[in-house]
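Each chain carries a letter (A, B and C) given by its place in the written order, and its residues are counted from 1.
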Amino acid sequence: MKIHRLTGLLAVLCLLVSAFAMAACGDDEEEGGGTQTSGEQQAAIESNPDNQGTTITVGSKNFTEQKVLGEVFAQGLEAAGFTVEKQLNLGDEKTAFAALRGGEIDAYPEYTGTALLSFFGVRADRIPKDPQEAFEQVRTNMEERNVTALPPTPFTSSNEVGVTRETAQQNDLQTISDLSQVDQEFTLYGSPECRQRTDCLLGLQQVYDLDFQRFRPVDIALRHEVLTKGQADASIVFTTDPQIKREGFVLLEDDKNMFPPYNSTLLVRNQIAQGETGQNMQDVVEQVQEGLTAEVMQELNARVDLDKKTPEQVAGEYLRESGLVR
Amino acid sequence: MTALLGQVQLRDRSTGEASCVADNGFCPSWIADNFDRYVDPLLQHVFLTVVSLAIGFGISFGLALLAHRRRWLVGPITQVTGILYTLPSIAVFFLLLPLTGRGNTTALIALVAYTLLIIFRNVMAGLDGVPTEAKDAGRGMGLTRRQLLWRVELPLAVPEILAGLRIAATTTVGLATLAFFAGAGGLGEQIFADITFKSNVVTAGGLAVLLAAALDALILLAQRAVTPWARARA
Amino acid sequence: MGEGAGVSTTLAFLGEFGDAIEFIVEGTTTREGNDVGGLQFLELTWEHMKLSLVAMAIACAVAVPVGLWLGHIRKGEFFAVSASNVGRAVPSLALIAFFVAYLGVGFTNVTLALVLLAIPPILTNAYVGVSQVDNDTVDASRGMGMTETEIVRRVELPLALPLVFGGVRTSMVNVLATATIAPLAGVDSLGDPIINVNTYGETGRLAASIVVAALAVFTELSLGAAQRAVTPKGLKLESDQQSRRRIPFLTRREATT
């Protein structure tokens, strides 16, 4: 009995050890990251000794793009001499906003559309389609809450209804309206908060009058997996998701213009934004996000989601490759 | 096919070329290259497990000694620790949240609560299993009750006590994977960080299993070292 | 509302816990107009139980016969006993994650993961229960002309039943606890308010935690009572204490290995 137990244990250990050994000998599949060919160098962020006394806690919500943005701002601010702490992975927008207002964090990136919908109760179809207008509305609303909304990022992202190419072909789907033929048999997957967002399930029900057979809330990280593994007929994805191209998903056209545009704006507590070093901070943020076009954002997301680098690594790469940090 | 935009190099990813990593596969070379990101979670996990085992052992050992002297306590202690053992750990993390906040404290309280029943029962069983002859012999040698406990009963109960500790150790490693719900990190957080990526799930989950096996083996070895007589008997 | 006010004053001293209990009893409507809490908890409890019971039914159907059979032929002890040791070492979160990564989300996959989780304790207990039956008793039954099937059914099973039941009880409580993380894999359960806190709020999460905890304790206590009820009279002479100690992972035999 005694011997048996020990042998069993040893067997398990050996198995695991050999697995690691195999791992070590395995051929290196990792592709060499983009070799950086530098064109005109952007001005690098300069460290300002005045900033050293200010500690900024940067937060983010719980999905890739947010974590990357959080890291980009955190590392950029650090390069400018600020003392930076990070709390990336705060959950959904309500958790993050509560953390911001409670002073647990000092700043986090939020999408203009999401802010209007979730914090100010604006209906999805009433959100300005013009990004700048949407941002202005966020900015004024935020002022009342002692939060400064910094100018938005160049990239625009949005919620999308994604289906596999096969599903689209079989059911002749091109627009979201086309779903009305099949909604009774379709299972829609989305993040849990989708249930109560008018730019998500509620909107699809109210604006498009869709009645899905069922809606399944699932962790936001699984939004593509449920399509590739065949559990979902349709899933809510983001425009800047790199998996869409890779897996050949079809994004249904939002023919009733329901999904509002989303540009990311860094929300900052007034204590920080209007503090002594507030202007320095705002300058750094604008400098850092200038290069964040849709293509670049998608690339950065891809490096995390597809190449499996950490958001921290990818943000560092972005800052170095764009010459902001040397 | 690459395009330059700004200075960040963009790769065309629409080709869908097979790639173990991008396909969320099990990729040994990726694991080998990225093993360092599992080190901190592993250490957090070890910390949570070892600290809660140590505290749990202290409490249940004390309770067992108390109950050994006052038998009527056995029932109530078993029932209370039994209830604690039954409560689902996630529920406990959130039940404690209003009282102790997010972080290690909450996680440790919950994990300690789980070890109590297992260790207490095994210490009691060990003490109860000491042969009457051995105790009689001790008394015959003129040992006081205290001396009898520490020199005769407890040494003879060691195998059973450590068996309890082994069960508690493996159980705690498993439960500590949920400690991230309480904000205490650990391997569970790492598993959850990319639940669709097989390499990640297998590595983080595998490390948890390995840790359980390693602790189990360690306690087993300790048991053999401190109870040479048991080996002769087996 | 008048009634609600009554409940809240009574529970006010409990603070957040009082709010949570009110949430369970009466529910609330979110700003978005979703009704949460109250009756919805019945629905979630039902989903939770459905998931757990389906998994347990499959696990019993697999583990009990195999355990009884292995115990009867007194073979495969290493397999039957290490099953629960290995089972304990694999964290339930890792198991669920493994299923999500390899098979995907959904009821079937989560059920399968729970089945795997539930099998080891039942298997080990069934094995130990039967193999513990005195060899002389079995020989006596053979002498009386019983067939092997009859021996298993009429002699070994009744004597092993308390232990088999103990395994089922351990598994059931474990499965109930693990079903809480099912929403991570796209399956509704009482874990929904816990994991998706934004839909239900902090109060909803606390409320669900209370319900999950109560459900587990209730199940444990009622299965404990049932276990005592199925214990043959002869075995009842041993105190409950002692029969508990004979649950395999706590037996002396195991302890000295």
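In the analysis below, contacts are C-beta pairs under 8 Å (C-beta built on N, C-alpha and C of every residue); 3 or more make two chains touch, one makes a residue touch a chain.
Since the model is a prediction, treat every value here as computed from it, not as a measurement.
Peer 1: Of all the other chains, whose mean CA position lies farthest from chain B?
Peer 2: Of all the other chains, the one whose centre lies farthest from chain B is A.
Peer 1: Determine which of the two chain pairs, A-C or B-C, is joined by the larger number of C-beta pairs in contact.
Peer 2: B-C
Peer 1: Centre to centre, by mean C-alpha position, how many angstrom separate chain A and chain C?
Peer 2: Inter-chain centre distance comes to 38 Å.
Peer 1: I'd like to verify one number: the distance from the centre of chain B to the centre of chain C, where each centre is the average of its C-alpha atoms, in whole angstrom.
Peer 2: 20
Peer 1: For chain C, which residues are shared contacts with two or more other chains?
Peer 2: 85, 100, 184, 257
Peer 1: Give the residues of chain B that touch two or more other chains, as numbers and ranges in rising order.
Peer 2: If we look for residues of chain B contacting two or more partner chains, we find 24, 195-197, 200, 209, 213, 216, 234.
Peer 1: Pull out every residue in chain A that's touching 2 or more other chains.
Peer 2: Each of 1-2, 5, 12, 219, 222, 225 in chain A touches at least two other chains.
Peer 1: Can you list the chain C residues touching chain A in their complex?
Peer 2: Listed in rising order, the residues are 30-32, 34, 77-78, 82, 85-86, 100, 103-106, 183-186, 192, 195-199, 253, 257.
Peer 1: Any idea which chain B residues touch chain C in the complex?
Peer 2: Interface residues on chain B, with respect to chain C: 24, 74, 78, 82-83, 86-95, 97-98, 121-122, 125-126, 129, 159-160, 163-164, 167, 170-171, 173-178, 187-188, 191-192, 195-198, 200-202, 204-205, 208-209, 212-213, 216, 230, 233-234.
Peer 1: Please name which positions on chain B make contact with chain A in the complex.
Peer 2: Touching chain A from chain B are residues 2-11, 13-14, 16, 19-22, 24, 27-34, 37, 194-197, 199-200, 206, 209-210, 213-214, 216-217, 220, 234.
Peer 1: Would you tell me which residues of chain A are touching chain C in their complex?
Peer 2: Where chain A meets chain C, its residues are 1-2, 4-5, 8, 12, 91-95, 121, 189, 192-193, 195-198, 202, 216-219, 222, 225-226, 229-231.
Peer 1: Tell me, which parts of chain C touch chain B in their complex?
Peer 2: So the residues of chain C touching chain B come out as 15-17, 85, 88-95, 97-98, 100-102, 173, 176-178, 180-181, 184, 191, 194, 205-206, 208-210, 212-213, 216-217, 220, 241, 244-245, 249-250, 252, 254-257.
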